[in-house]
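The structures considered in this document are given below.
Both complexes below contain subunit A, partnered by subunit B and then by subunit C.
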Partner chain A sequence: MNMLRSQRARTVLTLGLLSGAFILFIGAVGMIAAFQEREVVDDVFSLGQLLLVLAPFATGYIASDRLRESEAEAQVMIIGGVAVGLLTALPTVILLLFNSAEYRFLLDLTLKLVPFVVATIYAVRLHRIGSDQRLIIGSWLAIVVLVGIVTFSFALIFEIKGDLRTVLPNISRDWVDVVTFDHRNELMTGIFTLLLVSAGAGAAGSIMVLAPPIPRKALLYGLGVTLIVGAFGETVRLILQENVDRDTLKLIFRRDTLRQNPALLLFIVSTISGFLWAKFGQQARLGFSNLEPSRRRAVNGVGMLVFAGIMLMLPWLIGRTLSDVAVTIGIFVLMGLGLNIAIGLAGLLDLGYVTNYAVGAYILAVLTSIGPLGRLDGVFTFWMVIPVALLAAMCAGFVFAVPVLRMRGDYLAIATLGFGEIIGKLAISDWLKPLIGGAQGVQAIPKPIFLGIELKNPEELYYIVLVASLVTLFVSIRLNNSRTGRQWMAIREDEDVATAMGIDTSRAKLLAFTLSAATGGVAGAIFAAKVGTVFPNSFTVFISINVLSLIIVGGIASNPGIVVGAVVLIGLPELLREFSDFRFLMYGALLVIMMIKRPQGFVPSKLVSHEIRTGVKAKMAAAD
Partner chain B sequence: MALLEVNDIHTYYGNIHALKGVSFEVDSGEIIALIGANGAGKTTTLRTISGLMDPREGSVFYDGEDISLSRADTLVSKGISMVPEGRGVFAKLTVEENLDMGAYTRRDGGIKDDLESSYELFPRLGERKKQVAGTLSGGEQQMLAIARALMAKPRLLLLDEPSMGLAPVLVDGVFDTVERIASEGVTILLVEQNAHMALQIADRGYVLQSGEVAIADTAANLRQNETVQRTYLGID
Partner chain C sequence: MQPMFKWKTDDFSWVDFTIDVLRVIIVLGVVIGAWNTLSSGRISFAQWVNLFAAGLSQGSIYALIALGYTLVYGILLMINFAHGEVFMAGAFSTVFLAEALNRTGFLNAQPLLAILLMIAFAGLVSMSVAILLERIAYRPLRGSPRLVPLITAIGAAFFLQYTFRGLYGSGFKAYPGVHALQGAIEIGGISIPVVQVFVFCAALFLMLCLYWLVERTRIGKAMRAVSENKEVARLMGIDIDWVIMFTFGVGGFLAGSAGVINGLFRPQGVNFYMGFIPGIKAFTAAVLGGIGNIPGAMLGGLFLGVIEAIGPNLVLAGLGIPGANQLKDVIAFTMLVLVLIFRPQGILGERLSETKA
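Now for the complex of A and B:
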């Protein structure tokens, strides 16, 4: 019984402190204050506060779920949820106290006590393992002095500056406002509110676990829909703007924020539809799979037609701003599909993919520009140069592949990383300045003209990206099911055995690099035409990393996964502007979480998910 | 003239002198066993013949042609096929795709028929043709590796430790299969630690010791040879 109790306590403690550390961390890096800018529901709460509530809610849910596994009673689970909520708030509360003038002495006290506590803990440990008396006293003194130097200097800094912000610049007034729920001046009320909200959210999480599945699903669905619509208020408004008249829009939104009543209505409607789906969804799916194959095909066909229609109409449904985002996403889908040939199929970790993108962009820029650097004055049009850009990128892919053919794994990755950097340096160099403009880049790139219409807006450019993506998708599906594709997979799994099958691995790798480069060139050319100017600082290693991350997050070797990955990693940061400062922090966190929780990606390819599930090792002993 | 003629080959791993002048020959239609202890150079010999490694000295003649420095992938279309040690099936490809990879160098129309005859030879593979190879049992994977090598229509089949990691019951099955393949006219060079089984089906055998051929004789004589009995067959 005692064992069980201590095990449960440990679960609650670990999870609570973990989410507490999380809240403290995102506050300290400035995310909470930045997210405060965005109201989710008008005058009710903002994205920053949503994070404060969502963390204890989610942790309370997880903790209660674990408690239920140890067959805890309902009240134990709710107490656990409350405890998790309080623990989540605890680190933030401590920091609040440290930050206020009144309770500053607590910080001083803590900083002064820390060396003694650390030294004593260590001394007790030494004593337990039966160390020599002199050693214990000596190390106690040494630790007090060493740790003391650090903490006393901190204490001194705070004393002189009188402010935590010298060390933690993001622990600002804005942050205090958010975490105290606007009780900056009555600190105790603020702390009390925070603890109450946090504990309530934790308890709510536990209650979710206790609730029967259907209402739970319905409620989570309703909450999720409302919060997502609220958080992406600006995006939703932009979409509605295209289809709804201004007065109706004003009823729903105050500037970019969802008003209270529409939010409530949305919550009710989505909860009811969630309820219906939870209750009858299973039946509907069952009914569908019981249909005759021909009927099923028909239903699928209609679904596909609707989807194709939406894709075709998309720019007119979502408006200019979002079409621009869609074009950017499309450019990255193109690159993702290309890079996937090297990484997903042939297993060649290419970290220099930006090379192909840059080559495509510069080729288009130099050949079509009507500015001073374009000496060909409109002789070449966008359409004539696209194939040139494609071929040029393939040449670049080929040339850079030759020296690295014999490299494998990490060495290959490092070499390609280097090539990517070389391209960036070349683009900005004085040597090539007469040709491609150095740091000033190439300007005055005309927009594509199609049948006499200038495709100057993102709504029109969208179709170029769409067609290019579809062509690439088609080629890549065909490759996947061909001998060429299987030859690459064979190399990925075991180069020696592949050779023993009669596969010329050098040729196959060259082909993979070359084909993979092609779409990068097209993507670069479209990018150049879209922006109208090309600068060297557009072509950094971050392009390569973005493309690689979207493949990993979406699902390696999975074509739909790449599209999803591009939407998540490229689209979301464009839509959540406040997000953009924290883009790489989020990328890192997302990649780590994905690797732990879902290594096969959002939309895994069948083969990869199978491999991960069964733990099949691709490598088998090849030689003694 | 012998189908395969290995003349005094020396092969190195970096500075390590692995093969110190190995010579032997394989006639058309024979089953030849290379036996020896761990590290004697059996696998290295196979890798050198198949082109995965190059000899620093000496030569390998196949069908009268010097193939010492030929690359492995070019030898497959000449009729040398290898079943690598540890089976080396492509774990993520299906059985059928694995077999198709075996016929990679072929451009003729007979691949479909050969797939069918593989499934006749190995009915288990026929039942599992759409299954991913990594999910097959060890014995089935060995069968697949052999079937895949046969898809290239080889004249010479190099088998590296086909019994490794298999249950004794399955080992019998594998050696039966090897005999059956040989009876259809495929020449076989077999590397095996399980000398007992290897010498039962082989016509002739070579005993390798620290990178050199120590004994060369017919399989029947080798089975009676005192040194071989003591060292490799575990008979006192």
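Now for the complex of A and C:
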């Protein structure tokens, strides 16, 4: 019984402190304050506050779920949820106290005590496992000195600087406002509110676990839909703008935020529909699978047709601003599909993909520009240059691929990264300035003209991206099932074995690099035509990382995964502008989390997930 | 040297041929560029010596960072791509300490003590970052295929960059000047800035400490044992996890102290992105010296620093390329690619056990 209790306590403590650290972290890097700008429901709550509530809610849910596994009673689960909520708020509360003028002494005191506390805890642990006395005293002293240096330095910094904010700019008034729910001046009230809200959210999480499944699903669905619509209020408004008249729009939105009554209505409607789905969804699915094959195919076909229709009509459904986002997403889909040939199919981790993108963009820029750097006076049009850009990128891909053919995987990654950096530095250098304009880049790139119509708006450019993506998709699907595709797969699995099987690895690898470069070149050319100017700052290592992230998150070697990855990773920061400051924070975290938890991606390719599973099994067998 | 033209033999490979052509082109370019510069006499002997000295100082900083790559690679066979960010963590955090010390006047009253405190602080901050990194991101992936930890490390690098950007802000900061390190030493008509001498000596001292740690202490022996064979080391009663953590910690400490030393050498330009390029360059240095090889990393760092200082002036200017000093990084990255192509085992050779390489 006692062991069970301590195990439960540990679950609650770990989860609570983890989510507490999360809240503290996103506060300290400025996410909470930045998201405060975006209200989810008018005058009710904002995205920043939503995060503060969502974290204890989710953790409370998870904690209660774990507690239920250990057959805890209802009240234990609710107590657990409350405890998780309080723990979630705890680190933030401590930082609030440290940050305030009256309780500053706590910070000084903590910094003085921490070395001794840490050292003593460690010494006690050493004592428990029966280390000898000299080791215990020695490590106690060493830890006191080492941790002491750090805390002493921090104390000195804060002493001289006077304020936490001078060092940590995001522990700002805005942050204090959000976490105290606008009780900046009555700190204790604010802290109390925070603790209360957090504990309440944690308890609500546990109650969710206790609720019967159908209402729970309905409620979660309703909440989810409402919050997502609210958070993406601007996007939703932009879409509605195209299809609904102004007065109705005004009833629903105040500028970009959802008004209260529509939000309530949306919540009710989506909860009811969620309820209906939870209740009858199973039957509907069963009914569908019981249909005759021909009928089922017909239903599927209609679905596909509707989807294709939506994709075709998309720019006219979503308006100009969102079409622009769609074009950006499309460019990244294109690059994702291209890089996937190297990374996903052939297993070559190319970190210099931006090279091809830059080559395509610069070729288009220099050949078609009507500005001072385009010396050809617009003789070439967009359509004539696209194949040139494609070929040029292929050549670049080929040239950069030859030297790295013999390298092993990790060195290849770093070498391609080096190529990317070299290209970036050359583009910005004075040496090539007469040709490609140095830091100012190339301006005045004309828009493509199709059948006499200038495709100057994103709505029209969308179709170019769509066609290019479809072509690439087709090619990459065909490649995947071709002889070459199988060769790549063999190389990905084991290069030595592939060679032994008689595969010309040099040729196959070169082909992978060149084909993947071609797509990058086209993407670059479309990008150049879209933006109208090309300058070196658009071509940094971040582009490569962007593309890599969307492949990894979507699913290596999975075409639908890449599309999903691009929509989420590129679309999200464009739609939630507050987010874009944190996009690389998110990408970095996602790469780490995906590699640890879900290396096959969110929409995995069947083959790869099979391989990973068997691979893990083989690894475990080898470890035994 | 392999024969350059092999097409009459059966094992002709045009890849080898292309690489050989590349080799010849590079050698020719270097020789012609150097010849042009030297015969034009644009740069005097004293200037060459100055460039060389600056290169050595910069190189000793690369060497300190490179040691972190080498130590980790020697044990785990993974490229800790986020190591440059570990360097940044220490350097960026310590700016605030340096400013505080400067404002109290301690920095100029007791420069040596102040710098020691800064180095210790930066080292410990970087060490904590490195240890956390290992614990959270790398430990769960031990034993997975090589590219998996590499992708994780790339993710961790960007995560760390943007974490510190969020924590400390995105603006540029600068280390305060230390009066004791200003001025120059005159040796036979050539004056070398004191700070360069100091940087070189400090880095050398730290490297000697590391060498002593690895070669002469118990934990160093454990590190070498783990890098030789983890399973056998475990059977000998060595706590592998602890040794790996310690290795990351030592590498982190060196990177952090390199951050402070770098701050004394080049006070400007401290921000969240400051670790990325030096990180890649230090990796180049590590490969250059033979990854996994501790003296190799030191040598590789110094070598890269000198090449980077002299290369643009000697070769690029000689080839008539304008703004050659802008292309300093290009020289370093070209070095990286060339080393990876032509001599991936480095100058001194990788020091890895046979089963791993």
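Keep in mind that, in the parts below, the second predicted complex is superposed on the first by the 563 of 624 C-alpha atoms of A that agree within 3 Å, B and C clash if a C-alpha of one lies under 4 Å from a C-alpha of the other, contacts with A are read in each partner's own complex, and residues count from 1 in each chain.
The rule is simple: contacts are C-beta pairs under 8 Å (C-beta built on N, C-alpha and C of every residue); 3 or more make two chains touch, one makes a residue touch a chain.
The model shown is predicted, which means the values in this text are computed figures rather than measured ones.
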Touched partner set for A:337, first subunit B, second subunit C, both or neither: neither
First (subunit B), second (subunit C), both or neither touched by A:89: neither
Touched partner set for A:191, first subunit B, second subunit C, both or neither: neither
Contacts of A:493 with subunit B and subunit C, given as first, second, both or neither: first
Touched partner set for A:483, first subunit B, second subunit C, both or neither: first
Contacts of A:361 with subunit B and subunit C, given as first, second, both or neither: neither
Larger contact residue set on subunit A - subunit B or subunit C: C
First, second, both or neither for A:504, with subunit B first and subunit C second: first
Those residues of subunit A which subunit B touches in one complex and subunit C touches in the other: 623
Contact footprint of subunit A on subunit B as seen in their complex: 38-39, 43-44, 47, 50-52, 71-77, 81-82, 84-93, 97, 100-102, 104-105, 132, 134-135, 148, 152
Partner subunit C, residues of subunit A touching it in the complex: 25, 28-31, 146, 149-150, 153, 156-157, 159-161, 167-170, 347, 349, 351, 402-411, 413-415, 417-419, 421-422, 425-426, 428-431, 506, 541, 545, 548-549, 552, 582, 584-585, 587-592, 595-596, 599, 615, 619, 623
Partner subunit A, residues of subunit C touching it in the complex: 13, 15, 18-19, 22, 78-79, 96-97, 99-101, 103-104, 117, 120-121, 124-125, 136-137, 140-141, 143-152, 154-163, 165-169, 276-277, 280, 283, 287, 321-323, 326-327, 329-330, 333-334, 336-337, 340-341, 344
Touch list for subunit A against partner subunit B, complex: 483, 486-487, 489-490, 493-494, 496-505, 607-608, 610-611, 614, 616-618, 620-624
